[in-house]
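In what comes next, chain A is part of two complexes: it sits with chain B in the first one and with chain C in the second one.
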Partner chain A sequence: MSKEIATPMAGKVVSILVNEGDTIQEDDEILLLEAMKMETTVYATDGGKVKKINIKSGDRIEEDDIVMILE
Partner chain B sequence: MHKYFKQMDSLGKKLNDNFKTRTSDNVGDVEKAEAEITAAKEKIKQFGLPAEKINSRGELTVWQRIEILVDKGTWHPLHTLYNPAENDDCTTNVVDGLARINGRWAVVIGFDNKYLAGAWVAGQPENILRVTDLAKRLNVPLIWVVNCSGAKLPEQEKFYAGRRGSGTTFYRHAELEQMGIPILAGIYGTNPAGGGYQAISPTVLFAHKNCNMAVGGAGIVSGMSPKGFFDKASALELIDAAKKNQSKPPGAVDVHADETGFFRFVFEQEEDLLMAMREYMTKLPAYDLDFFRVDEPKAPVYPAEDLYNLVPMNPKRTYVFEDILARLTDGSEHMEFRPGYGPEVYTGLVKIDGLLFGCIGNRQGLLPKGYPEYADYPGIGGKLYRQGMIKMNEFVTLCGRDRLPIIWFQDTSGIDVGNIAEKAELLGIGQSLVYSIQQTDVPMMLVTLRKGSAAAHYLLGGPTANRHNAFTLGTAATEIYVMHGETAAVATYTRRVIKDNKEDKPLEPTIEKMNDLVEKYYETSRPMFCAKTGLIDEIVSLGELRGYLEAFAAAVYQNPKSICPHHHMVLPRIIKG
Partner chain C sequence: MLFGLLETGFVYFYWGNLLMILLGGGLIFLGIAKKMEPLLLIPIGFGIILVNLPLGGLMDYRYELTAQRSGVVQEIVIDETTRFAEGTAIVRTNAEILQSPVHGRLTSIEVQPGQNVGAGDVVAVIITTMQTDQSVIPTEPIGLLSRLFAYGIMWHILPPLIFLSLGALTNFAPMLANPRVMLLGAATQFGVYFAFFISLFFGFSFEEAASIGIIGGAEGPTTIFVTATLAPHIIGATAVACYSYMAMVPLILPPVINLLTTKKERQIYMKPKLRPVSKLEKILFPIVGAIIVILLVPSSAPLIGCFMVGNLFRECGVVDRLAETAQTSFVDILTIFITLTIGGTMAAENFITVSTLSILVIGVISFASAAAAGVLFAKFMNLFLKEKINPMIGAAGVSAVPMAARVVHVMGQKENKKNYLLMHAMGPNVAAAIGAAIAGGVFVGVLG
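So, the complex of A and B:
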């Protein structure tokens, strides 16, 4: 079953801290987003194997965008 | 009360390998910055005549004297880089810090006898005021190593007179004594005029056999009646008079031990004087710290080295405040006050060396959805909002009630702004926090972990709380300014660029000014600038932070002005519910 990871805030993607194929756990750091002049770490809301990453560094994303899919 | 304090909640988490790898650059950046700061401090320490030269005269340097005086491993220097008058040839020519002497904590200060035999110089009175304030706030003895040749005469106009000039020290000494705070002075060398009052104003005087103290020194006695000008005849008279007087300067031991009795003790050897001061410390009031301990002292569970991964040099990078606190507090334990309310601020009880403290710190990063509750925009850590400031008001007030000293950790970009924030009363609640702090009478210390900015810098236990802040530490990541340089450039030049653009004038000259301002803000907010100008009292390495917290803890609990029995405390019960 696939699980979707959404971003809690809008911002610019500074870096993606995991790769497709990685196994992550809940609360692992997955993204660095720049918003409101700060670089904020985004944590995984669930655990699993990263099946697909929907974003790349430099992208602007909105709150609740699905940034990756776990399996 | 053991149920409250012996097993508090766990704080922080172990760093995983991925995080360590990802932040390895930060470790290098912090270490590099700390190495530069250490080199600057070492340069100050080596300033003046070489130790060998002083030793060849049969004297010890101020550093050697302090090393003998204090318990090994307990010296915590302050104001090392402080040079508010921007002296070219020295800093403030005094050395000071917190240290334990024969088991008792004290504020220690000595004249640097490697430069002009420990002269008064510009900026020094401000340094000494900070030191007397520190002894007053901590209620611990002030220990002087006096070796003061008096004013650096060619520059007397910079420090001699005035409300906060060199003479203010003597009134501060009297003030401390009136408060019951003893001042011991070990006296070496020649101490004329101002040096004489530096020597006489403490409480108990320990004299080296070769020292003197006098209203005026040999130099003044030799040349009291100038003709209004100097010629060869007066120069020869001066030489003759000086020869007589310098062979026996006024106010030596035969006068102030044998005649006046001002010198309580006289010693043949420099080292013996220091050992006698150490011994005398046992006569001064001090609680055994067990009287106040709520638990056995414990080291933090997590290593201090982790701080190099956790405290980002990049001011834009966020971190988890609790992970930092977990590297500094006993057993990495805490009791959090109102978790969930005012999430941008941490407030809680922590232990340092088994002693209980209130702790307040800015959290970083994205705040929970729906916060701040009065606005439709998201909240970001580092900023202060309504609930966080209300929570700090409550916490500070309760710490005051329970007589709990407070340790602040500051990393703030300011208070939320705009009409929505104004309607949420942030201006008034901020000032309420100032009122709450001023209402308490507990010692506080501040660690400016990273940013100190805007009005929030004033609210978060900083040095502006004159009566409360004992001292403020900075780190290699510290930066203090009214606002970020780019924000300042926008605030200063926006109208100008709009006007120029409207009039078809070139924008480049103004853009250049904007970039110059950004550069200036950068230069004048760096840690070493902050230390030099006294915005912080010392820059410490991240590995040294816990040691300073322990020194503060032991000092504030050595002889507190008032006591709240553990079983009368209300704050732990409010937390427990």
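So, the complex of A and C:
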């Protein structure tokens, strides 16, 4: 079963801290977002193997966008 | 040789200038090396250095000392190369002793001993860097920065125009999504009035106390606007206190928050998702907001009016060129003018006074008590709310947009990794910018 990870806030993707195929755990750092001229770390809300990453560095994302899918 | 020396700034250079040049250098250092508000501190710092180089004349005003009564000149008390303090006797006649109401130096003596003078005759021309109340001590700006200060700041042009840009830069969605957080932005204005009363207690006048209190609003242009109107002679101190404390928000807020909240309260989780705010709401807000606020507090019109029109540029979606200009080059140009000029008000003889020190101390109290009021009010609101708010976002009600909100967000994530408080904190944060402008408007309306 796949699980979706959504962003909690809008911003610009500074860097993606995991790769497809990585296994991550809940609360691992997965993204660096820039919002209000500040970098914010986004933590995983769930654990699993990263199946697909839907974003790339420099993308502008909105709140609740699905950024990666875990399996 | 001697004549050449008299023409240089060294004749008038004293330890106060050196101290101020070090202060200016310190601000530039903080801006460049520590990245503390570099857009503000670098031009302010350089302005300070420039105005502390005597005879440079950038911040000079010309003042004509006139006889109050008819009489015969008996003595010229001071010579032309002496730097003198406020209240120094310049000329003595048989009817009066004429004292200079400003500090400075003589540029010329227009009378000679034995000469008859009538009431209103000019006896001496003085050059000063002092900002005066023009209705009491009329001066003429004759330097680059003093002209910018007189016509840009004293005429209330630059601070409201900066507000226009701030309006264009401000996204009110987080506040409109959760309008109750406006109360937090209002609660922090307590700090302003608290500092106002402390200042009165320490012997400042009503006008000075209002200008010092408004530092707690953490809103640079508002502080400059209020001080320029009510107490222009302390504008350097209030502006620098305000901008420096804004830069120090990451140092001032955390201890206040930690003191007033428990760990459990700091961990209160707030759902990251805010209610979507429609375009119509965003367009109506600046229009309706301007009408209501200006009708309630008419003297806030220059600040609120400009702020709201800038915000309408941003939100209406059809004047992107205006919005973009207001957000970028326009605000940059205004910032250069206002910061260099504020730096320019800090000639040693204006700044190195006991009252400056008091202003800096009361300013930080104002700031901290504003944050404390926001936190305590958030806790009070939680007594009635089913879905609790994290009381830390109350501290973001000290304006200093968006620094205060960022600080709260970072603290929130330290306590609870899944807590993204940034947008929640932006609500009181932007509300406070309006709150400060209103508080400033109230002061100007009542005391101006």
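We adopt the following convention: the second predicted complex is superposed on the first by the 71 of 71 C-alpha atoms of A that agree within 3 Å, B and C clash if a C-alpha of one lies under 4 Å from a C-alpha of the other, contacts with A are read in each partner's own complex, and residues count from 1 in each chain.
Note that a residue touches a chain if its C-beta (ideal position, glycine included) is under 8 Å from a C-beta of that chain, and two chains touch if they have at least 3 such contacts.
Bear in mind the structure is a predicted one, so any value in this text is a computation, not a measurement.
Asks: After superposition on the shared chain, which partner residues are touched by A:M36: those of chain B (first), chain C (second), both, or neither?
Replies: Touch partners of A:M36: chain B and chain C.
Asks: Just chain B (first), just chain C (second), both, or neither: which does A:L17 touch?
Replies: So A:L17 only meets chain B here.
Asks: Contact-wise, after the overlay, does A:P8 reach chain B, chain C, both or neither (first, second, both, neither)?
Replies: After superposition on chain A, A:P8 lies in contact with both partners, chain B and chain C.
Asks: Where does A:T45 make contact in the superposed view: on chain B (first), on chain C (second), on both, or on neither?
Replies: The answer is second: A:T45 touches chain C but not chain B.
Asks: Is there a shared patch on chain A that both chain B and chain C touch, and which residues make it up?
Replies: Touching chain B and chain C on chain A: residues 8-9, 35-38, 40-41.
Asks: What part of chain A is in contact with chain C in the complex they form?
Replies: Going by the criterion above, the answer is residues 8-9, 27, 35-38, 40-41, 43, 45, 63-64.
Asks: Given the complex with chain A, which residues does chain C contribute to the contact?
Replies: 272-274, 402, 405-406, 409-410, 413, 417-418, 420, 422-423, 426
Asks: Could you please specify the touching residues of chain B with respect to chain A in the complex?
Replies: Touching chain A: residues 18-19, 22, 314, 316-318, 364-366, 369, 378, 380-382, 413, 484 of chain B.
Asks: Tell me, which parts of chain A touch chain B in their complex?
Replies: Listed in rising order, the residues are 8-9, 17, 28-29, 34-42.
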